[in-house]
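Shared between the two complexes below is chain A, which pairs with chain B and chain C, respectively.
Entry: the complex of A and B
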């Protein structure tokens, strides 16, 4: 993307609440932003190191529950709770990464799903802590220097800051030596290992950063919807993240954001036209079509088109 | 002691159907290298076909079971030919994403057709349990266990004794060499997927009358099938059979003696522990099919 285009996009994102007339549209923008953080997070693992984690909702849920429990039961304020959510999700990423990243392909996928399944069952059954299936209502809205960020406009900017942070971390990481090691592992692991890339070290690092970022998304989600229940661990969330990353373009920085906006706005736009089941049915069909017709995603396809025009 | 025996018997009934699910998946996974997340949806399909056949058409239970198997096999064949065949040279992640898409589409299709309310399948058996010493067991459950055992035996015979089975084993061991020896890989893949899906549908038709039928029932079935495959080792038919029985019994004991809330965690924990400590499965020295 050109510098001018990027500047224009940033200006549009910053002034968006002025353009969107209704609270509903702003709500969709906030949800797109939260999913943007999650998609960027999954992209670090799936896009850059090539490891498909299908347990990513676990880190999202750990972030959401940590933040909600600390503010509700521990009476912490939002910011330290947010930091704790990021740290705890990152620690879970470290643990699961250490244990499972010696596995590859389908086996890695199955272990990540299983970890997410166990954590989800704990959230349902550990009623003293999590209040079980009833969930935790009344999660407080964040405050900044005594100002409540309860309004949708204020929360929009908070989420925007979250995206900016996630994007910058991703960009710094993948353009560094570490990012080159990630890509080397994705493209040819034995070769990368033979030139001295420490496989486990880099994969676990990717898992930690990715999980911490998903924890950030979880905390932002908890304090926006003000309610956390075991539904945050639903596999649907993981699938949504995967669809966003694959559709937008895995291994690109803009792709996950494009995917997040598209796949938040599209279902909302379809909501009037079709019931939830039809939407989900279309979702499944769309995933199949994407793999067949846009296997590398929207952003790489657009880049290829522009490259052809230029030459 | 009586309680333990009762749990073991219940676990055996569950385990028999888990074994059917696992055998189907272990063949698909082992032979085609496809992580079939839609496997549980064929289980659901089988249960709904059995429901339609028994509740609406009022056919004999065996006929309903055969109809379920036929429907599962037909749809499985269609799935392989239209979706998986064009992607055979793609990576395992690509086909996995496609099967996730199929899973979501099938489940919500079922939700649209049948609605979200759970249905119970009528069956001709008496609900009064047979009492054998300390153990009470419903006649339906005995019937389910016997049929599951018969289907497992039939699968084993198919793999070991038929020409198709020999071609399947050859393809599993070395796809390229098998192709050079004149095995039609496309045909074998289609047959494997249809066979595995038919077995999943049979499991659904068998367990459907024992429990309730609802659109998302396949999610847990997929999970159990994956646990069984991992327990038994990839492409390992006796392994999947033992793994299925073991999973059924451990689940039943866990639910009985520890906490029923964590019943479904047993499958997850098995996947994690076996993959971390014994990735080739409990019963295998190496990956194999037979």
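Entry: the complex of A and C
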């Protein structure tokens, strides 16, 4: 992205609440932002190290529950609870990373799915802690220096800060030797090892950062919807993240954000335009078309077009 | 003594791929491992560089045991290998391939990267300069921006060599560096291998092309059926009856 383009985009994002008239539109923007954090998080693993986590909702859910429980039962304030959500989700990522060190591809996918399944069961059955399927209502809205961030506009800026942080972390990692090591593992693991890339270290690191970021998304979600239930572990959330990353362009920095905006706004737009059955059909057709015509995703396709123009 | 291999044994199931293999590689030499297909040459490479766990024996480098170490840890000790099949990072540019090879030269840690320390920008531009010099050395400077997978075969092999060199090996193991190359390309590679040795790097290579092997090696080790059958300077190996027999078969008994 050019500097001017990036600046324009940032300006647009910063002034968005001024342009969006209805609270509903702002709600869609906030959800797109939360999913943007999640998509960036999944992209670190899927896009850069090439490992598909199909249990990413687990890290999201751990973040959501941690933050909700600490503020509700522990009476922590939002900010330390947010930090704890990030740390705990990151620790879960470390565990998964260590457990599945020797596992790649399909086996890694299975471990992550199983992990999400187990965590989901815990959230349903550990009723004293989680209130079971009834969930935890009344998660407090965050406060900043005594100001409540209860309003949608305020929350939008909080989420925007979350995205900025996730993007910055992703960008700095990816553009460093650490990011090169991630990509080397994706491209050719034996060759990466032959030049001294420590597979264990970098896969675990990617899993920890990715999970921690998903935990951030979970906390932002919990304090926005003000309600957390075992639903946060639904497979649908993981699938949505995967669709966003793949459609937007895995292994690019902008791709997950483009995917997150597109696949949050689109279902909402379709909802207004058509009945439920048609919505799902249109959604499916669009996905097939995207995979068919832009197999590497939207952002790489745009980059390729630009490259052709330049040369 | 640089690399010492003692009684190395590797088994795949019940099959002994290597049995009691013992040899030394002198520092600063070019040593070749030859032998018919299935002799165990690549297996020996895999065992030395940590890609295979030997069933027995010892491998030491400057007196320090390598057995049981992971490949990345062995690379950190200055022993870097290439692979028999072309092995690059296909989707990356030639320059990024070499930058990845420079992994161990970088020092940026996780927290430093997140903090965006200014020192890192200087380090990064230093790495880019090093990558350019390495590409210049193998003659691929003009291909810098191209995607590695888009290069012709011979040039991909040079990218692979550049990746290995970027890791600043003290000992370089080349697995059939001339395989599939034209005669002209092989001459270039032979020249590069000599230059690499002149820079003080010990070279151990597996190669089928006898002209190349005999032309550049100080010492040749002949393997057959997982055992060392001969070791010595090229001229001695070329005339060694066991080596000739391994390649051409035993002379038929007069009936």
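Note that in this section the second predicted complex is superposed on the first by the 293 of 311 C-alpha atoms of A that agree within 3 Å, B and C clash if a C-alpha of one lies under 4 Å from a C-alpha of the other, contacts with A are read in each partner's own complex, and residues count from 1 in each chain.
Keep in mind that, in the parts below, a contact is a pair of C-beta atoms (placed from the backbone, for glycine too) under 8 Å apart; a residue touches a chain by one contact, two chains touch by 3 or more.
Note that the structure is a prediction, hence the values are computed from the model and not measured.
When the two complexes are overlaid on their common chain A, residue A:277 makes contact with chain B while staying clear of chain C. After overlaying the two complexes on the shared chain, residue contacts for A:191 are found with chain C alone; chain B is out of touch. By the touch criterion stated above, A:239 is placed in contact with chain B alone, chain C being left untouched. Once the two complexes are overlaid on the shared chain, A:107 sits against chain B while remaining clear of chain C.
Partner contacting the larger number of chain A residues, of chain B and chain C: B.
In the superposed model, A:125 makes contact with chain B only, not with chain C. After overlaying the two complexes on the shared chain, residue contacts for A:286 are found with chain B alone; chain C is out of touch. Shared-chain residue A:205: touches chain C; no touch with chain B. In the superposition on chain A, A:52 contacts chain B only, with no contact to chain C.
Across the complex, chain A meets chain C through its residues 169, 172-173, 176-178, 180-181, 183-184, 187-188, 190-200, 205. The touching residues of chain C, counted against chain A in their complex, run 49, 51, 70-73, 75-76, 80-83, 87-92, 96, 99-104, 106, 108, 110, 113-114, 116, 120, 124, 127, 160, 163-164, 166-167. Those residues of chain B whose C-beta lies close enough to touch chain A in the complex are 29, 35, 83, 86-87, 92-94, 96-98, 100-109, 111-112, 219, 223, 226, 230, 259, 261-262, 264-265, 267-269, 271-272, 275-276, 279.
On the side of chain A, the complex with chain B involves touching residues 52, 99-100, 103, 105-107, 109-111, 113-115, 117-118, 121, 124-125, 235, 239, 242, 246, 277-278, 280-281, 283-288, 291-292, 295.
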